[in-house]
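Take this structure first; my questions come after.
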Amino acid sequence: MKGKIKKLFLLSLLTVLALMFIYPFFWMIGGTLKPEIEVMNFSPFGSSWSLDSYRIMLGKIPLFRALFNSIIVSLISTVSVLVLSSMTGYALARLRFRGRSVIFNIILFTMVLPFQLTLIPLYVLMVKFGWVDTYAALIVPYTISAFAILLFRQFFMQVPHDLIDAARIDGLSELGILFRIFWPLSKPALITVGIIHYMGIWNEALWPMIVVRKLSMMTMPQMVALYAVGGQAESQVGTQLAAATLMSLPIIIIYLVLQRHFIASMASSGLKG
Amino acid sequence: MASVQLKNLKKAYTKDNLVIDDFSLDISDGEFLVLVGPSGCGKSTILRMIAGLEDITAGEIFIDGNLVNDQPPKNRDIAMVFQNYALYPHMNVYNNLAFGLKLRKFPKQEIAKRVKLAANILEIGRYLQKKPKELSGGERQRVALGRAIVRDPKVFLFDEPLSNLDAKLRVQMRAEIKKLHNELQTTMIYVTHDQVEAMTMGDRIVILKDGIAQQIGSPMEVYQVPSNRFVGSFIGSPAMNFIEGDLTGNVFEGPGVKVELTDIEDQSNQKRSITLGIRPEDISIGQGQITAQVIVTEPLGSETIIHIKLADNPLVIKYPQLVFYKPGEKIIINFNTARIMLFDTHTGKRLK
Amino acid sequence: MELLKKLMQNNTVCFLSFTVIFLLSCGKVSDTDGIVRLTYWSSTNPYEIELAEELVSEWNSAHPDTQVILQPLPEGRSGEEVLIIAAAGGTAPDICSNVPPVIVPLLAKGHVLVPVDSFDDGRDYLAQRIPEDLLHTFVAADGKLYQIPWKGNPVMVQYNMGILKEVGYDHLPATWSEWAELAELVSGDTDGDGRDDRWMGDINIISEWRQRLFDFYPFFIAASGGQTILKNNCEINFDNQVTLDIFAFFARGFQEGWYANSTFIGDQFLRGHITAHITGPWNISHTERFKPAGFEYAFGPIPVPDDFKGDYYTFGDPKSIGIFSTAKHPEAAWNFVKFLISRQADLRLLEICAQLPLRKNLLPDSLYIPYFRENPMMGQFAELVPYTRGFDQNPALQEVFDAINEQFDAVCIQRRRDPQQGLSRAVKRSANVLKARGL
Amino acid sequence: MVSREQRAGHLLVAPYYIFFALFVAYPLIFSFVLVFHRWSIVGPLEWVGLSNFIELGGDPLFWKSIGNTLIFLIIHVPLQVSFALVLAAILNSKIPAQGVFRAAFFLPVVVSGVAVTILWKQMFSTNLGILNQLLYEFGIDPVPWVTDPSWAMPSIAMMATWKNIGLYVVLFLAGLQGIPRHLYEAADIDGASTVQKFFHITIPAINPVFVVVLILSTLGGFSLFIEPYVITGGGPMNSTLSGVLYIYRQAFSFFRMGYAATIGFALAFIVMTVVIIQRRFVEREV
């Protein structure tokens, strides 16, 4: 009996807390459907509802183009990070070569560098390459990630060494070993890196703001941030929330579908990274 | 099928730490050679150098008469069986067997034919569609063998392939590998730390210690005429007994023992430090002059192992019948003087 | 995930997508057909884009040999940054019509702007268009004119007349006392729930020097009779009673709850929570578009101290056009700029954007009379144009503003410091900044 | 003989070499050069020797920003750790619909910071925000969340906790589920209470998670940027001015690249020192 009451208490406590985390999102979505004058009300439900906020917002900014850009940029960058970082991670974990520990320490070091330190020189570099307003500027600086390298290294160190030897005798090259033996064995690591990197790139706003000025090349967070902060929203809260909603929706849907993987990824990333 | 020659092999991981020092060996075509030694003696390193998995610091390796120092493993036409089986966990048994052939661009039918053949030899046909993790240890070991067989290589390399199996299975697989060798007549190089495996399987045995070959010979040779105290102690179970003492003329005197030896050529009556070695089965009980105290008796059914104490020196006797002595009981023992071996106490070299 | 995995495993897909990206990023226009191409950035204000599109297409059809490519410049809080960064990277356009005069000294110092003086008719053309003393405020310390002053938006106070009527206040406040009087009347709790829900004005909580352009700075310009915060572009001009009084007046306002010290999103003026706010003519069309039914409003001058005598000056929030030195055809760019600021184009600026060209005799000009007749409120702003002030020409000006902002925050909003203390600190920091980085 | 493994190793790392040279080493060297210069992005570099460092030493705003970061950490880290741990412990105790709750706490983690700040800016509104509307229902006076210098940084820390706590709940949960059941069974036999079990089994077992959480939160605290940038701009009275925001302000509001780079290096130095000290301290503990 006592146990039941305790459980009931914990359950209601959790429900209240969970509401604190979900309610703002309900409110946000509600705000996009309410009449503008009622947006600031506590209740997510308005006296009437319409899709006007979306219509107005989409009439002003090409958000679907930004969606396309975001998908392209995040996808290519993620694939590249998986390939290139796992290559480095494999070498660091399983190959003996001169300078290996130096490289490892350098990678650790780069993890704590504040990004603002390199922001301006990086931009100057993009300009020199003629990459401003191109996908290259959005993708190339994100083709390898120190975090991914370290995670892959950690994961690969657990693979039995005999497998590498067997594969070498079977006739695989080092790249072959990586992609045909280690990759299939490292699905959790691949999913972890993939999800974390994809999420990071999808939500990145600062770098695109610096290297992209063309409306047609913008990614979602950049376009939405500029829309909400700049003059285009004309202080219409509903349309700002609509832009924020459309930006968040894809990642929330992916999250809800792949929830188990997301959470497992995050758990492993923290413990190993 | 091929011969393997190793010439003056050296291996050093750091500059002044030689793991293998000047190792040379000719392995003839179709031979079953066993490299045996305690862990860390360098036996696996030699095997891995032959496989091409380790760089060679100095020296040369020939397989079938060709210098392979700079050849990657896949070009050496060898196959290897690993201690942990090293099966690809994400492939089923069939693909594990076929993988090496696929990489070598064998036609599909040829691959299927070879896999079927190997599966028949090893009786693993039922498991072909299973993943390695669904198999028992022994079954996995068969698959690992099969993977080597399908390749039909010039040389088979075994790196302690049985050490992860339980005792019964180990005995069984030992016989199977030997049988396989008889069927295939391929050169096989087998690494183990277990002297029983070495003795039962090898045509020739190389006993290694600290990167140096202590003795190379047939199982009988190394058992009967070990070249030094290490080989004597390493080969044979239970291990050889040693008593340190002095030799004057043909009389050995150690703690609690005085033995008159035959076949001693040295007639000078000079006294020198000698270690006497005698195998447990060469000590008899019941008659003689040496008195010892029993520590413990281990009846094994057909024979009995008796641990005794001879003036604080522990010795082991293997008695070919079932007997029982109480701990502390005094017994009379005798050494079979013809089988006594003498070793130089300082160098360990065998004198007789 | 299955799909993703398959895609990743498929080399062809990877190769194809890389190719697509490569092709997409290579879509640059070649310059070999003898046609001069100019890139032109407008602001992203939807009305200004509309104007720019119209003017550009008109220009392009009339000048087949000089084609202008239009692109809006993202603004928001990073507008200045974007422009400077673009200039630094050499990716600036040929022409930009959204150059904030406050960064012109920096751009000039870096030689990224073409001075108007380098065109034969440059200075004369502008002298004809712009009132002389106004034009003078745009001239750099070295005597050159690096910007083409285009439009100004004199700021005034916009009042919610419904609230004024409700509290029985029948005229617009002109002095600080009147402002205070009205503020006392309107601020407080209107729905009886014990919480304040209406204020005289609001202050954007984001602590940034630019926010002071819509409270402290207009008050300063007005109360000082048209002075700016620097004298001769390099000496501190705010170490005086005027600043002290303004600090004290705003501190009193926050003390007494006239101003909402809160973050807001959305337009609280139109929702009736804010009675008055300082804004420019652009807000007329915004108000017209989004106001609730029955909403009445009016514009009044920036209040001045009770004993003030003289002309009513205000902050002009000017925007300039710049021609960047990366332009390959500066003469062609100048010709296009002359078209952008032509008499006819200025009419469209009024009609589409409701923003005021910096132009002599704007009101009497026969071309604009019908417009101002229809839009009397715009006339109100137009009258102010000659009485506007913009920015001093000093590359460290933003830091001086920041020093004032810091103290405005401490003295007025938070009331943790008395006005004299705050002023001394602002003066001290500004002096250091000007000494180290000024002209 | 160049060993095959040597060659393969360098070949596999080659993309990283290129990446490192272009996107890490070059910008770092460039920044380091900037430290000794005055540069407004447009225009040439002007050599100023050590004067950027001299200015930094006497710059009250820089020290203020470091102090602000410490305030953020002092509030954020304990809040984060204790709440995440309690939530994880509750979730771990055979609660129905555990997955639903976990997903709810995790939701803010996946949503873009831009969307979250747009939301919270509204919620922080003293007079019209839904946070104070809610408090009003309980008879609590409006809280000046981000408009009062003493409240602003704690509010931002609270928001950061809300945004990230799901991640830490998941980390702790993974740690808790990794504790072997027999430890608790042994404690039950010894007659330990729930609280005793928590402090003597649970806490020591998830010690490694603490280390990770501590270091991650510290790094997060020192790179605090987008929240104050969007919500307060560093105010009121510079109470939410973070180190990174100060760099950004110097670089992109005042266009003082040399000075911004100097702050960057100072900040990097401080971050690394703090992390190294934490590691030393924590590693000794473990």
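The chains carry the letters A, B, C and D, assigned in the order they are written, with residues numbered from 1 in each.
One rule holds in what follows: a residue touches a chain if its C-beta (ideal position, glycine included) is under 8 Å from a C-beta of that chain, and two chains touch if they have at least 3 such contacts.
Since this is a predicted model, take the numbers as computed values, not measurements.
Give the chain pair that accounts for the most C-beta pairs in contact.
Chains joined by the most C-beta contact pairs: A-D.
Can you figure out the chain closest to the middle, judged by Cα centres?
So the chain nearest the centre of the shown protein is A.
Find the chain most remote from subunit A, comparing centres computed as mean CA coordinates.
Of all the other chains, the one whose centre lies farthest from subunit A is B.
Between subunit A and subunit D, what is the gap in Å from one C-alpha centre to the other?
17
Using mean CA coordinates as chain centres, what's the gap between subunit C and subunit D in Å?
Distance between chain centres, rounded to whole Å: 35 Å.
So what's the Cα centroid distance for subunit B and subunit C, whole Å?
89
Two or more other chains in contact with one residue: find those residues in subunit A.
Residues 40, 124, 225, 229, 237, 240 of subunit A each touch two or more of the other chains.
When you check subunit B against every other chain, which residues touch at least two of them?
72
Among all residues of subunit D, which ones touch two or more of the remaining chains?
If we look for residues of subunit D contacting two or more partner chains, we find 3, 5, 41, 118, 122, 125, 128-129.
Spell out all pairs of chains that touch, sorted by label.
A-B, A-C, A-D, B-D, C-D
Flag every residue of subunit B that touches subunit D in the complex, lowest number first.
Counting only subunit B, the residues touching subunit D are 55, 69-70, 72.
Once bound in the complex, which stretches of subunit C touch subunit A?
1, 4, 7-8, 14, 17-18, 21, 24-25, 43-46, 71-79, 82, 85-86, 88-91, 265-267, 271, 286, 289-290, 292
Which bits of subunit C are touching subunit D when the two form their complex?
Those in contact with subunit D are residues 78, 80-81, 84-85, 87-88, 103, 106-107, 109-112, 193, 195-197, 205-209, 260-265, 268, 273, 395-396, 398-399, 402, 406, 409-410, 413-414, 416, 437.
State the interface residues of subunit B toward subunit A in the complex, per the touch definition above.
Those in contact with subunit A are residues 48, 51-53, 72-74, 78-80, 82-90, 99-100, 103-104, 147.
Where on subunit A does subunit C make contact in their complex?
36-37, 39-40, 60, 72, 75-76, 79, 82, 123-124, 126-127, 131-136, 139, 191, 194, 209-210, 213-215, 225-226, 229-232, 234-237, 240, 258, 261
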